[in-house]
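Attaching a single structure in structure tokens format; questions to follow.
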């Protein structure tokens, strides 16, 4: 690989990753580490959602089913087998294979539907998984759930931190490459205009199914990490609330940006923690959920594109503006006017 | 003849961009007045501004002696101004009939009569009465858009490029219908089809870069090759 | 036979309750294409304010009126503050209405306290009677009647007046509708308010039916309402009625014959409907 | 107002003074015992969390005679909100164990939250006193040595119910929500009732979110049992419909557990019913309860303590009693040894932690729901106190 | 001459309405065929049938003698049938360059490559730039497609179509709504392609001067039926065409 060709942003992301490696040596409190670990896990989950929502334009209300599959696979395997690294690897493999199979079937069954309907259908399917987990009590322990043990190394907060960070970084770069690959570009085209993509000679259902399998597998992996971070699982891993949370993280961060969902996950995790810990400052913080709700409302009104989306748009505009100034020799209308016009179209 | 509509030094913005700089013209009652100008000159924006779909930032728009410059769109429409927009504005999921029903302000005898007249003019619409507007062919949509404006009793009609995408024979029909229509209603027309415009228009204004730069009688313009080249790109 | 009649009647009542909630959603989601997740919030506010005034005044009718007024007012506020900036953008609608849902739900606890509140039907609707071996619960009959009333009134307004068309047209092209001389903002606001009032009304009616109200019930029921609207075909009132009754009766029968599946029956119904008839039962192919 | 994570020994007026005293005492020994309490202070189970919190505070006050000290050590307690979310519960528990270095955990309002936390007790080798989560598995299949439970478990409820109604040849049916809580409860009831000679004619499980129970009730009516035992928790109650379906007219007696005060109004229709409860403020006649009722009333605008107020208090009493016996020693092994088999006085009478599974055995009360002059809803009236032995659940952690 | 595309008794009905009715035509390879007909005659629908957007109620379509009636849009595009749309139909929030690049990528058969960066394929970039130059859009390469003026979007459509390098180009009113001064540019582009003599072009237009100037053959659709077929000159003289389509206008238009 030619180093000079690597994008500048890659270096920035790598530098941030390195910083994050140092964090657990500074923040040694395990409870803070736990919050950061949750942030990593939900960042992975949110990125997987972004592949669907942001890059392919699919709204799913049932994404949590893959997360749950990952969580339960791990918990059940670790509960039934010895708590060794080997069974952990087995758990991951099972989680991924199951998620891939389920997302493939779900995708092939449902991705031909129009957006609303697809969303509702996935909601229903995730609901069925939830019911399944509640009813199949011999396997899942019902809604109370069950605990399980882990090999020593995974119980250690620092090594768990590193594992989650490493997963996050690898998955981030992996997905980023995916979105910038020719395949990823077609996904974006599908998001923009399905029919047109089809008439360019792409089979959109294939793309959607592949995208949903990728998203499903990544979500399942997030579920694996989630259950080992809790060493416990119950039916809440299939709850619609979880989909809603991850949806909000993605939107707040900015859909279709990949880094946005990570930031969104961080914000939601920390805001949640922070707001609920302010309870003795003022009674309103006891009802922190109200503030939480207000934050969502304000984000939509003031940052409709999400945080990263808004920043990118500003940046993109400026960049383009400068480019315009240099080029464009044949121009019929007078300069100033045209400038306005371009600007104006972009905002329109 | 008194003028029904008078624009005086109208300026308008779209978001923060100055699109109309100085538009001034008069539409005399009972005539067809034509706005001409090249692509992007501001013709559509002018019509939209009259309709209240764009804000007037300066200047005045006077309709029947009354300032309508900053009224809300539906108020303006209810003063008796009909509008056929450039992009047709068909309600795709409503049937042709429902499109017409949304447009009809009253259901009295007059309106029924007018409806019959319109359907005679465009029999295709009658044929596809129950078809969703979105499933119409390009030209049929254009007819529907015109029909919706014809069905109400209006003082003034603003029509933006009615001939776009129409078969020559339909263009004839539309031309003829406008000629019939102008007996009762004043018309302000934007048209790229010069042939059609010159047939029905009496007075014209040329808009360039958001300014009314020239005006005159349509008959004279036909002869004035220089002017046509300069503002309309026709040689 | 008696068993079946009992199941059908009770399923019907459940269905009507779902319909009342779905009716508001059909207006808002089906006609205006607004994904309003705060619908459940309007539902609980209707229930709480209605029950509060019902218990204070002792009059059930006053309770219903207060619920409706609450619905109208909240609808007004919701439309102006929350929905207006996001017409036409589903993703933003989801986020903003979910946020508002959280606010509405949590605010209930601030105003009315966190405990559940027990509600019983007014005296004249209490109890049940037998006709042959079939049991009729008075309050349920009342709900069935009220549901039908709402259905016919709404159908009349939508079919006999232009309003339904105008709303749908307004969603497709707001400017054009305005250019036709219609104050679409006002129309949208009114429709939204009516939808909200229906939600609030159904909350109030639901209270004596389930015997108790609690802040979290909003979201649960609004998901059910969404399902019903989808099964019926978005924007179709008759579709919603049919789907709601279908779900109600299916639940009753499932609870009797295959209890394990009764929780899943609405999901299963929707899955089947969407796979075989994606546009919903009562809608022509779009 | 209640607030989470307030590190309290001076949360309210009257123990501010006591904590001032204790500060001096602390200065002498220089040691504090910290207790972390996990409860649902917001979210769906918020009212339970609130009860636990109030009860716990009063419990410490009572056990230390207002000194907030035991064996010369100051007691400090910290509440954390679990939001009824296992992730948050675990995070809160870690923060209590790590950042606050608590000596005990208490909690939590939901069984799921509790199960997410009990492994941490084992890992950090700290005792967790489970209150008020009721799932059998906490002291059963998911048991570890650090778990002690002052709350009753589902089986105890069932045994109490069985003791109240079952007998030779009595036909019974059950109606329960279709999830772990319901299944645990129904199963335990059935085995307890059968051991008393009753005959099970039907087991019915209804969707936990159901609002229409007519089909379920219809089925039960058809099976003609003598008693219908209903296990129910959650806001959607079947009571009205049971009455509307005229179950009693078919000669079926309904029985159930009476839960917290907020649910009593929903049971108006069941007035006259025989059932059981684990606490109602008028029921247990003992010194501790008298104190609790009086203090609670004076502190909270005349409101009486509820189900889990007594529970929260019991948890506090258990901890203080253990500390008294170890003379303030917080060594976990010593504590476990002490607490196994330990008896302590609570508002619900004498409780004893069973050695095998650390489940506290406790009195339960067989009651009748009767109209009251004071309230517009029925209240439980004591028929008979069931001894701890009578309601002792099977040991399930082997 | 070879018929590259042939339809036999092609029909489609929407509900009761037959939009295309028993049309049998042969479209000759490397020639320029125009389709005219009144509004609603079924021209666009006919295109939709050829390109696979719609499936006929009956009848067959042959491409180079092979029956393609049941093939999907995608597969037909891959075989070599490309089309532009009457309503502008591009990817609004992607850049102009990206719009074209996607078409180039499809043509080059790079579809499921997930691991390489798209910039890795330099040739696509260059090809896209060439095409943009061809349609005079090179200076807009980095604007988002939404921001283009109407006429520019039409040009972009054509560039995307060309990128597919299909043997057949189906053009549906490429100049509709374009101002008088922009039309010649589009005509130039089409003429240029025609000049290369390696494509079969089928054009729907209402502008008679365009039809007359470029067509080798003209098909006339009326009420879904093919009522006439011949050279442009023959068609202009055809009485049915005059009365059903041109009306009185055509002679004026020609002057």
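When the chains are written out, they are named A, B, C, D and E in that same order, and each has its own residue count from 1.
Everything that follows uses one rule, which is that contacts are C-beta pairs under 8 Å (C-beta built on N, C-alpha and C of every residue); 3 or more make two chains touch, one makes a residue touch a chain.
Protein identities per chain, from UniProt: A, C = Branched-chain amino acid ABC transporter permease; B, E = ABC transporter ATP-binding protein.
Keep in mind the model is a prediction, meaning the values are calculated, not measured.
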Neighbouring chains shared between chain C and chain D, ordered by label: A
Required minimum of steps from chain D to chain E, each step between chains that touch: 2
Centroid-based (C-alpha) most distant chain relative to chain E: D
Between chain B and chain E, centroid-to-centroid distance (C-alpha), Å: 30
Between chain D and chain A, distance of the C-alpha-averaged centres to the nearest whole Å: 39
Computed distance of Cα centres, chain C from chain B, in Å: 44
Residues of chain D whose C-beta touches two or more other chains: 178
Two or more partner chains touched - positions in chain B: 40
Contacts with 2+ other chains: residues of chain C: 109, 260, 263
Residue numbers on chain D that touch chain C, as the complex places them: 44, 46-47, 50, 178, 204-216, 218-219, 222, 235-237, 239-241, 244-246, 262-266, 268-269, 377
Touching residues on chain B, where the partner in the complex is chain C: 51-53, 72-74, 77-78, 83, 85, 89-94, 98-99, 101-103, 105, 148, 152
Contact footprint of chain D on chain C as seen in their complex: 3, 6-7, 10-11, 13-14, 17, 109, 114-118, 120, 127-128, 130, 135, 137, 206, 209-214, 216-217, 220, 248, 251-253, 255-256, 259-260, 262-263
Chain E-touching residues of chain B, taken from the complex the two chains share: 38-40, 86, 124, 127-128, 131, 135-140, 142-143, 161, 164-173, 192, 194-195, 232-234
Parts of chain C lying in touch with chain A, wherever the complex brings them together: 82, 85-86, 89-92, 94-96, 98-103, 105-107, 109-110, 223, 226-227, 230, 234, 260, 263-264, 266-268, 270-271, 274-275, 278-279
